[in-house]
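When the chains are written out, they are named A, B, C and D in that same order, and each has its own residue count from 1.
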Amino acid sequence: MAIQVLSSCSIENGTVVVNGTPEYSVENEVFSDFLKSAYRHLDISYPKYFKMDKLCQLAFLGTEYLLKTNDIPFTDDEVALCFFNGRSSLDTDSKHQQLINDGTKVSPAVFVYTLPNIMMGEIAIKNKWYGENLLILRPDFNFEEWALEADLLISSGKATYCLGGWVDVFQDNYQLHLYLVEAAEIKMKLTSI
Amino acid sequence: MQKLYIHQAISISTQGFWEGFDLPELREDLEEFKAVDPDYKTVIPVMSLRRMSKITKMALMCSLTISKNTELVWDGIIVGTGLGNLADTEKFLTLISATDAGLNSPTAFTQSSHNTLSGQIALQLKNHGYNMTHVQRGFSFENALQDAILQANCGMKNILLGSADEHIPLLDTLGREMKYEERAIVQFGEGASFFQLSADVPSGIFVQDALVKMKSENQLQEIDSFVTKNKVDKKCCLLITTPDMIVDCGMDRKSLGDLVGNYMTNSGIAIHLGCAYLQREEYNHVLILNANSEAGMGLTLFGHE
Amino acid sequence: MAGKINVFLGAENVISPLGWGIQETFSNAKNGRTGLKELEQPFPGITNLFAAKFDDASFSTDSPIEEFAGESCRGSLENLNFEHQLDERWLFVLSTTKGDIIHLKNGEMDRSNPYYLMQQLQKELPFESQGKVISCACISGLAALIYAADKIAADQVDHALIVGADALSEFTSLGFESFFALDSEQCKPFDKSRKGLNLGEAAASLVLSKDQTLFQTSPLRYLGGATSNDANHISGPSRTGEGLYRAVDKALKYSHKTADQIEFVSAHGTGTLFNDEMESKAFASHGLQNTPLNSLKGYFGHTLGASSLVEMAMTMQSMRENVFLKTMGCAASGTETERNVLTENLGMEIKIVLKTASGFGGCNAAVLIENQ
Amino acid sequence: MINVNVTGRGVVTALGISAKHHFNQLRSGVTGISHFQRDEQFLYAGKVHFTNQQLSKLCGVEYSDYSSRTALLGLLAAREALSNTILDSRFPAAFINGTTVGGMDLSEQYFEAKSKGQPADAALFGMHDLGANTDFIAKNLGDFQYINTISTACSSAANAIMLGAQLIQSGQYQRVLVGGTDALCKFTIEGFKSLMIYDSELCQPFDANRRGLNLGEGAAYLLLESDESIMESGNQCLAKVTGWANRNDAFHNTGTSPEGIGAQKAMQAALEIANLKPAEIDYINAHGTGTQNNDSSELAAMEAVFGTELPDFSSTKGATGHTLAASGAIEAVFSVESLLQGCAYGNFNISEPATASKALLRKAVSKDIQHVMSNSFGFGGNSTSLIFSKC
């Protein structure tokens, strides 16, 4: 079996590209400001967004931009989330560690984001998706290898669609490549072959 | 079935340029099966001639000569070709496989298209009608003829139908690499045949029945029922376009391979030959048998009034 | 999902403060010992912590996790028949939530990345295929197990070594403390008076293979497994247990089993009020309220990314020895739905076991295994 | 009068596989054209993102170095078109395939090896002849009594559909599989580059500043059935083929006449056969390759046929690339989906429209659609127009 891409979204260097077409772009905006302006451009209201850490915000943005182009009526458990990520939650880990090093009281609101899989939780909550979750850490992104994992989730019958790809955040560096894929299988009842 | 009358026939083959229904003297001891070039300049402008490959020249020579003899505007131009413009294809393939070729000349590319023949004919004749090219291997011409019958049934009156295939030395090389017998390689042929068909004006010779079947359990039985259905008697000449095909049916028979060589659309020239036999009234029918692939076969029956 | 290819699992191993190796750990647990204790001044800034921690003297480097996780892997591999080629048909998976996070204190970013830990562990392994790190909070271990089993079933690999490891750190201790999720005494999973969890550190490993003969001791069979999300809250479990219910539901489906065929449940059971309640509800929804169940957090504390593999390894050992461990710390079942929580060790011959885990981010996992 | 019913359809392009998938992609404005590397040069093309090995697997055939990509793409799409239909029936089936490159990808390997002085494998020519590709597809689908290949450049598949419709209407066959397939290959890429009409950027059909086309690859097939055949197969009628015509521009071998005479004649004749007035056409899926020449003469031809009140129209080549022989069938599948889902597609990448007409759709529009016209024009002046109507 193989998979086929339904939609894609890339976010890097202040530009959101959806299905190959630039959707939103700003120059010289620091990452935290970009996360705000790109959210505003989406024109949705989701106050929880502002509680998230940068990794979750980026993953959330990418998912929202990607889903905007597709109005597939997903059932609540047919979308598997499968993410590759490079530097785990180290960006928020450092914040938590800094509080410890400074002897300041640590914050549960920070600590909860010291797990990289939280971004899948945020996406699942927003979309009411109860499907499979998988997060793999690796130093870089390779679409073919990701497609292999997505293919496995779909071909093993665990999901009809797989959403995911690469989300990586560390300090002011960020990169996102998300894909929504489905099976490229054709269901047949041919008996003459 | 709508009767289709044959008014004109022109062929180019290893036997030379052949126009009309008079049976020429046929040599059966040929050692070479390359089509003999006629004087193309009589109908093709010299400027265009220079860049044309042999298959285009042959097809244009036949079709333009036929068109010159008539005032008719074709309702349809239908061509069958097995391998199309091999020379141009080879030329462009060679060009692009050379390392760092850069920008290539487009001539070979644009002429390599299989429908160059039908397109060039329409272009030369300024014909805006139906224009079709069939390329089903050894049945390309049979399928083109089937299309002509279908279009006649749908109301077309005058149809230009033809076939063409060309030989390039690469075919011999490939034949040797594929361990073909030397005699078979020598017999790789080429040629073109074009016909003026009319659905409403009788000419004496007509297509009585045509059948192409890709799936046939028993070919001999198929031939038998076709012949019976069409009330074909012993006064029928069987023209076989396939090498090594043996049919024992008590009819006179001839193998086209020995006359014009083997090429995918040599059933075109078989029709021309059939017309000549019918013109001489030696036979009541001519049946062309093409069993070019293992399972499939084509049967075309001609009669005369 | 196990298709035509059967997936077997065995060569389980645990390295924990309760014992060095699965035999010692299991025997200590069977004898009612726990690895949990009151630690005085375990980290600067923390005066006391009830947790399971290795003796600092056990390690010779500044990366204890590398040592105890590596030791666990070596132990697992020792239980294999080595005439089998170790080649690119092997998959190595590390499941961890925080890896070697202690180095973050000194700003050593690279070493703090779980991927680094995997690379370090891989150096000691006799096969070279690129290892994977799965980090899905507290379900990491089961997520890795399911991932590896699916890869074998899909014929992408033949064998997999999976190891789960997390260290007790100032980082996580202070974090959980800030949530008021810690019990300052022995945790009491599924008990009426439960107050919270204890943290711990450990490593556990096991081997999955399509080939039974790889194992020196007869392996168990992996039936099926699944993950799912609560889609409810990132740090609190769903009140209804919806996500866990669905994970179990899917695991049953992929295993071609029904809930009534489950004879024993190895639960997550952290000892927090909400988690245990949520689990009970989810199990009850499957009609499992009378199925024997335990939580092993009372022996090891919550070892995060390692926990579900530690518990899986221990449960496998139980299935081999026909002894199922009591829920250390639980005196009387106290969740809303009446449950058959083991409060004494029980000798039973069990064929099919359900193992579950739930974690932050709303994730849940369920796996079914079978004693052949 | 025998109805020509469309009862099955299958498609594969750079956008992916299956008619449903393509409809979602087109309505969402997704393009399959990507920037990819080929022999150290980059180009925009609509490449199907499956290797030949993957295609073989998807088709359920054993992978072979001697199976052409064209044939594999074709088999995959044909499988989908026949997914609900069993071929062995009392109605003998016919198969008409359109292709221009056939096994050119394999022939190229032979020439490449030769040009490097390496031993070249003659067996690579096994699928050079176009009919061999058709036979490969047919053989893997089941039994066909009639098998034919049409090669009239970019209108090949449209002509295959036309011929199939005529076979049904004339009563000769009750069940005909029609369509076309073409794979990307160096031959056509270099060919269009040599003509200097290969856009090095994303192509912009019907844009004032269009620069040329991007090639694509793919395949699509329709299953056509008579009413009688439907009674037996139990298939649902998805659409009807009601109009068809092929005419010749007779202007230039590769270029089209400024007024698009061949196109005009084809559209007019198709309307006549469908017995429709121009105003009854709700949407035109134009040929719209993105070359200066094609788009301006196609616009002129449409205006000549439809007057100033053009029906909504767009080119979907910005999503798939120009898939040559397959394009007519791919766009026929899109036309059928358009009827089924009540949606006219948006044209891709327009910054400055080449026409003032509002009829050029820049975004997908939902509306009731009764009749769709699909145009395909090719080298050699070959011009074909098809009309699909609601059942």
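By our rule, a contact is a pair of C-beta atoms (placed from the backbone, for glycine too) under 8 Å apart; a residue touches a chain by one contact, two chains touch by 3 or more.
For reference, the UniProt names are A = 3-oxoacyl-ACP synthase; B = Beta-ketoacyl synthase, N-terminal domain; C, D = 3-oxoacyl-[acyl-carrier-protein] synthase-1.
Computed from a predicted model, the values in this text were never measured in an experiment.
In this assembly, the chain whose C-alpha centre lies farthest from chain D is C. Centre-to-centre separation between chain C and chain D, using Cα means, comes to 55 Å.
Remark: chain A (3-oxoacyl-ACP synthase) and chain C have CA centroids separated by 26 Å (rounded to whole angstrom). Note on chain placement: the centre of chain A (3-oxoacyl-ACP synthase) and the centre of chain B lie 62 Å apart, centres being C-alpha means. Chain D has residues 143 in contact with two or more other chains.
Across the assembly, chain A (3-oxoacyl-ACP synthase) contributes no residue that touches 2 or more other chains. Because contacts link the chains only in sequence, without closing, their graph is best described as a line.
Contacting chain pairs in the structure are A-C, A-D, B-D. By the touch rule above, chain A (3-oxoacyl-ACP synthase) contacts chain D in their complex via residues 1-2, 4-7, 19-21, 69-72, 182, 184-193. Contact residues of chain C toward chain A (3-oxoacyl-ACP synthase) in the complex are 1, 3, 45, 97-99, 101, 104-105, 109, 112-115, 118, 132-137, 143, 147, 150-151, 153-154, 156, 170-171, 174-179, 226-235, 242-243, 246, 250, 254, 359-363. Contact residues on chain D toward chain A (3-oxoacyl-ACP synthase) in their complex (touch as defined above): 10, 15-18, 21, 24-25, 28-31, 33-34, 49-50, 54, 57-58, 60, 76, 79-80, 82-88, 140-143.
Of all residues in chain B, only 77, 82-84, 89, 92-99, 101, 103-106, 109-116, 118-120, 122-123, 125-137, 139-140, 143, 147, 150-151, 153-154, 173-174, 177-178, 212-215, 264, 293, 296 touch chain D in the complex they form. Contact residues of chain A (3-oxoacyl-ACP synthase) toward chain C in the complex are 76-77, 81, 86-88, 90, 93-94, 96-97, 100-101, 103, 105-108, 111-112, 114-118, 120-122, 124-125, 127-139, 148, 152-153, 155-158.
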